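Next come two complexes, and both contain subunit A; in the first it sits with subunit B, in the second with subunit C.
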Partner chain A sequence: MAAVATCGGDAGSAGSAVATASKSNVTSFQRRGPRVSGTNDSGPRLVSITGTRPSVRNGQLLVSTGLPALDQLLGGGLAVGTVLLIEEDKYNIYSSLLFKYFLAEGIVNGHTLLVASANEDPANILQELPAPLLDDNCKKEFDEDVYNHKTPESNIKMKIAWRYQLLPKMEIGPVSSSRFGHYYDASKRIPQELIEASKWHGFFLPEKISSTLKVEPCSLTHGYIKLLQFIQNIICEEGFDGSNPQKKQKNILRIGIQNLGSPLWGDDICCTENGDSSHSLTKFLYVLRGLLRTSLSACIITMPTHLIQNKAFIAHVTNLSDVVVGLESFIGSERETNPLYKDYHGLIHIRQIPRLNNLFCDESDVKDLGFKLKRKLFTIEVDSISL
Partner chain B sequence: MFLELNNLLNTTPERAEQGKLTLLCDAKTDGSFLVHHFLSFYLKANCKVCFVALIQSFSHYNIVGQKLGVNLTMARERGQLVFLEGLKSAVDVFFQAQEKPHPLQFLREANAGNLKPLFEFVREALKPVDSGEAGWTYPVLLVDDLSVLLSLGLGAVAVLDFIHYCRATVCWELKGNVVVLVHDSGDVEDEENDILLNGLSHQSHLILRAEGLATGFCRDVHGQLRILWRRPLQSTSQRDQSLTYQYKIQDRSVSFFAKGMSPAVL
Partner chain C sequence: MTLSEGARLEMLDSLHWGVLDLAKCGDRDGLSIRHSVEWEGRSLLKALVKKSALCGEQVHILGCEVSEEEFREGFDSDINNRLVYHDFFRDPLNWSETGEALPGGPLGALRAMCKRTDLGPVTIALDSLSWLLLHLPCATLCQTLHAVSHQDSCPLGDGSPVGKVHVLGLLHEELHGPGPMGALSSLAQTEVTLGGTMGQASARILCRRPRQHPTDQTQWFSILPDFSLDLQAGPSIESQPHSDPHIPPVDPTAHLTFNLHLSKKEREARDSLTLPFQFSSEKQEALLRPRPSQATSHIFYEPDAYDDLDQEDPDDDLDV
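This part shows the complex of A and B:
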């Protein structure tokens, strides 16, 4: 992950300039030498990558998770080079939605995607991505709603109804996305043109694992080894680790791994308490994070932690990830019919935010957050019940 | 280094004790600020430091170190700091078979391995150089953190053996210090972690335990720090001395205050 020169700069911090792409230099969280004062660095040195912005706190490069409400809770976005782990809700409805928002954000920003799944063909996953809302009026309105946690829900609904009349047809064409963070319509599919214009790589486990590969016995399961090799290949070949200095326009690689740890990956951590491959997943996460830290990429992983019986293992996985968000949906639970919770579809728990390049992190004051999925908006609000 | 913490521990870089094992542990909060403190403390004390950083990258420690007044890049260049970046080394050892044993060789092994290659690395890094160049005062081993080794499949006994070997070499033979960080899993039943934590607690001379507040998250008080001075291996009728403070982490320092005396409350 590269740090971008901060415009304001902290008082006392040495200035920085964006890295030139050379193999030994593009490592994560590293500031380059002093910035040339005054002159605006021209040419390839101060290239800014679409869809990213520097963090206000320490100049780290951030990408949007596809959900502006979540970006705000994470302190501006997801840092490049880090892993966002989503603890799936019981029926994998909302977590797969967050997964798709992340990928859709990548398409809208022109990032390269890498989608890995053991149960669904990545091409199908991409077909099901939500359509982006590119109307500027609409976005401004949602901006105010989402960032104001105290807006009562009825007001939001009225604003949506009023705005329906003013919505033009959706733009299909070159996507100009100078914004950071977009809104998506969960009921519509992403236009085919956008998918075709984007660059993506798919890793579908049943296809990749059919070839027998001579590999020395290692305690990672075969599927994880193949996935790591695949990711490393893409990073090397396409120069996300800075190995191709001729590349003019740097880009971000967005990696999405679905249902990691489920039995379909060959891992038995969800089935038994102390299985044979009990440390396969943690080793995978460790090596994956090592790959991410030395490249311009960000990763989202959804994991069915509700199936893991070994709670100590979940603590290990949390320590080995950077951002951990847990989703708890009310479907099928007693809370669904509880009149107190009728405004929400579930609870969202921010379990961990990393302290990167800093002694402390931006934790929000409020820990009780509920989410609600409306057609065009996935809101995260302060759970007014517990106040 | 945090000057207030130096005062609480009654130590300065010039006259720090030698031959000690310090255990840092955190429960329900992040104790990494203590690691940054000790790293900058020992670099300022002109010690030769071997830092086994398993959880974050070099530039993370470098940027925080600059806030605390030490330059890790320069320290590494002039040989004062030997830095093992776990994440980067893991990628190297995983994708390419190595000819000679790599410190993180256990990642490639199917069975629970041991940490002998890592110990060899530490011993090599801290052995006194006879050429008579800039004399460093004494060697220090810093590990962040040991719980990662447990997550990656090593047993608690293997890690305890590693620390035992390191203590014998660094503390007793070379008269240096060892500082390690272990996460306390709290109420989650993690047997291996408990064995490791208890085993290390009995061997350490100083235990710094950062705990989250029992009442939950607070913006003004980030947690509580318990300091415990011990005299292991000495039968003594004196009780170990223990102090508790609450702290708040700021951008470049940490402020400590007695329980209930947070400036926000007074």
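This part shows the complex of A and C:
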């Protein structure tokens, strides 16, 4: 009886202990002493954010760009706090595809998105994201793609010495959905429920500025100031810069800015060589990089550099960004009909890779890369002509 | 080079689709006509305006380069009644300060068109875009044109959709540098560049749809006196100079001092050759499954076809 009573008593106290333990969600043992409630990163437990992994080289936190082949070229992925600048191809077809892959990767990983554009409503951009290929059907489709690609050439394949067979391929097999980097089907749209489940903020320039507002001339174009303020507000409010320590689960903010520098942002860098606002874009990039370095965010920017008249300016912009990738598509050029380039839709140039906390950067050995948009996948391959 | 009948009709249809029936080129349409001194484009602009007016659309003209009388010349009266003409030629800087001049200049007029309340498709013709580009900052002009042509994406407060807006602009190629031309080209959905040979005008139509490959085609045409468009096939074949006579392809392996061709026997021998660094199955197995009883070093010898296996006399193959 006494035992039962003590059991009952113990059960009561144990029950309350269990109740408090489940509230703090850590362990059933209570540590004596003051303890800040809500944080779960005391002790040796590592904070891991979904969709990120540390770099093998220097431990830098990386996110996937949405294209595993591009991740491999950049040394594992895009570092958190850096800017990926994509120099657009002439008709803005493939650069907008890379932009969408980046955003789709954010949705699949559960990151928060911030989409800024001057010519398209961000809600429309999100509707057009590609659908992710998940484990069960993606292996079959990937193999099918590879099979279709390889079959016509197998009978004319040269018998060459063994060394070329050991050349590393850029294409890697599909990975499971819980791992880093996913594959997307460019011909299908992302399911609506994924978009609704995700958290995103949109910045559509014509809505944010009213055209009749009288603006004093200053060093930054009005549109850029508004965008910087918007980004800063989101970072502060949602605690991406660590200013809100009560937040349990840390997350990454993925920022996407489309067509930066085009006349629709109010910048005349594409129209004239030496305009009034010629330093506006460089100042914007400088302030943006400062915002990114102090928060858990990664940014992708597409810029129509083929329209920029001042070529020295492109060098400034390259220096102010971290990773710079240039796309050159063959549409409309004489290379489209050149039989040497028939396997590719264009060339991809890795112009710059950052040296973050490092003395050297993780450049890949191969410089000549071509890309091809197959039926569903966007692949990057070593340009076989240069071998 | 002759065009087959089927191809010619298809090009006619596609020009009708691409130029005259502007609604087919996507919801939003900006069309810029690039012309030069030799090939005049205002008549094409007037032909397109006439076509839009006949389709029942409301047509606004921003006239900056020529006077209203000159623009209306050649149109019959019912078309003239449909055109809404905003005149900026007579008094561009609003010096006469009469009430009839529109406030804000052409930019104000464009912005006013952004806030229109009536539904139905509208065509806005800018005569000319070059004049606007020279008098207004390029970025502001691009933003305003974008806002005007995209207003159908922002419906009115009562939720009813606004009709499609087509913007036609006339651009003088020689007046502008590559910067503004590139900026406007990236903004325009369709770009028509006028050229031609030997008295016949041609239009090179570059149509870029948002997420598809751009299409590029050339169409020969002429404008009749009443500003209707007549599409034609190219100029007659005999008058075209042949640019390259028919050259037979040169065979590079023809006159060499060494032989590059393989006979059938040689080809068979080449296919059956084993490459020097291929692993035999024995070696592969030994590497994959290291046996503990084996010595630490083991030599794998795969004899070549010419190897002599006789250990006794190494000079056996010498012909002495």
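The criterion applied here is as follows: the second predicted complex is superposed on the first by the 294 of 387 C-alpha atoms of A that agree within 3 Å, B and C clash if a C-alpha of one lies under 4 Å from a C-alpha of the other, contacts with A are read in each partner's own complex, and residues count from 1 in each chain.
We adopt the following convention: contacts are C-beta pairs under 8 Å (C-beta built on N, C-alpha and C of every residue); 3 or more make two chains touch, one makes a residue touch a chain.
Since this is a predicted model, take the numbers as computed values, not measurements.
In the superposition on chain A, contact of A:189 is made with neither subunit B nor subunit C.
When the two complexes are overlaid, the chain among subunit B and subunit C that reaches more residues of subunit A is B.
Contacts of A:266 after superposition on the shared chain: subunit C is touched, whereas subunit B is not.
By the touch criterion defined above, A:356 lies against subunit B but remains apart from subunit C after alignment on the C-alpha atoms of chain A.
In the superposition on chain A, A:374 makes contact with neither subunit B nor subunit C. When the two structures are aligned on the shared chain, A:342 is found in touch with neither subunit B nor subunit C. Once the two complexes are overlaid on the shared chain, A:312 sits against subunit B while remaining clear of subunit C.
The touching residues of subunit B, counted against subunit A in their complex, run 30, 32-33, 36, 55-60, 62-64, 66-67, 86-91, 94-95, 97, 107-111, 147-148, 150-153, 183, 185, 188-191, 193, 216-217, 219, 222, 249-252, 254. Residues 91-93, 96, 118-119, 121, 124, 128, 159, 161-162, 206, 211-212, 262-268, 270-273, 304, 306-307, 309, 331-332 of subunit A are the ones touching subunit C in the complex.
Partner subunit B is touched in their complex by these residues of subunit A: 13-14, 27-31, 58, 216-219, 228-229, 232, 278-279, 282-283, 286-287, 289-291, 293-294, 311-312, 315-317, 319-320, 355-360, 363, 365, 367. In the complex of the two chains, the subunit C residues touching subunit A come out as 111, 137-144, 146-147, 150, 153, 177-180, 182-183, 186-187, 208, 211-214, 216, 271, 275-278.
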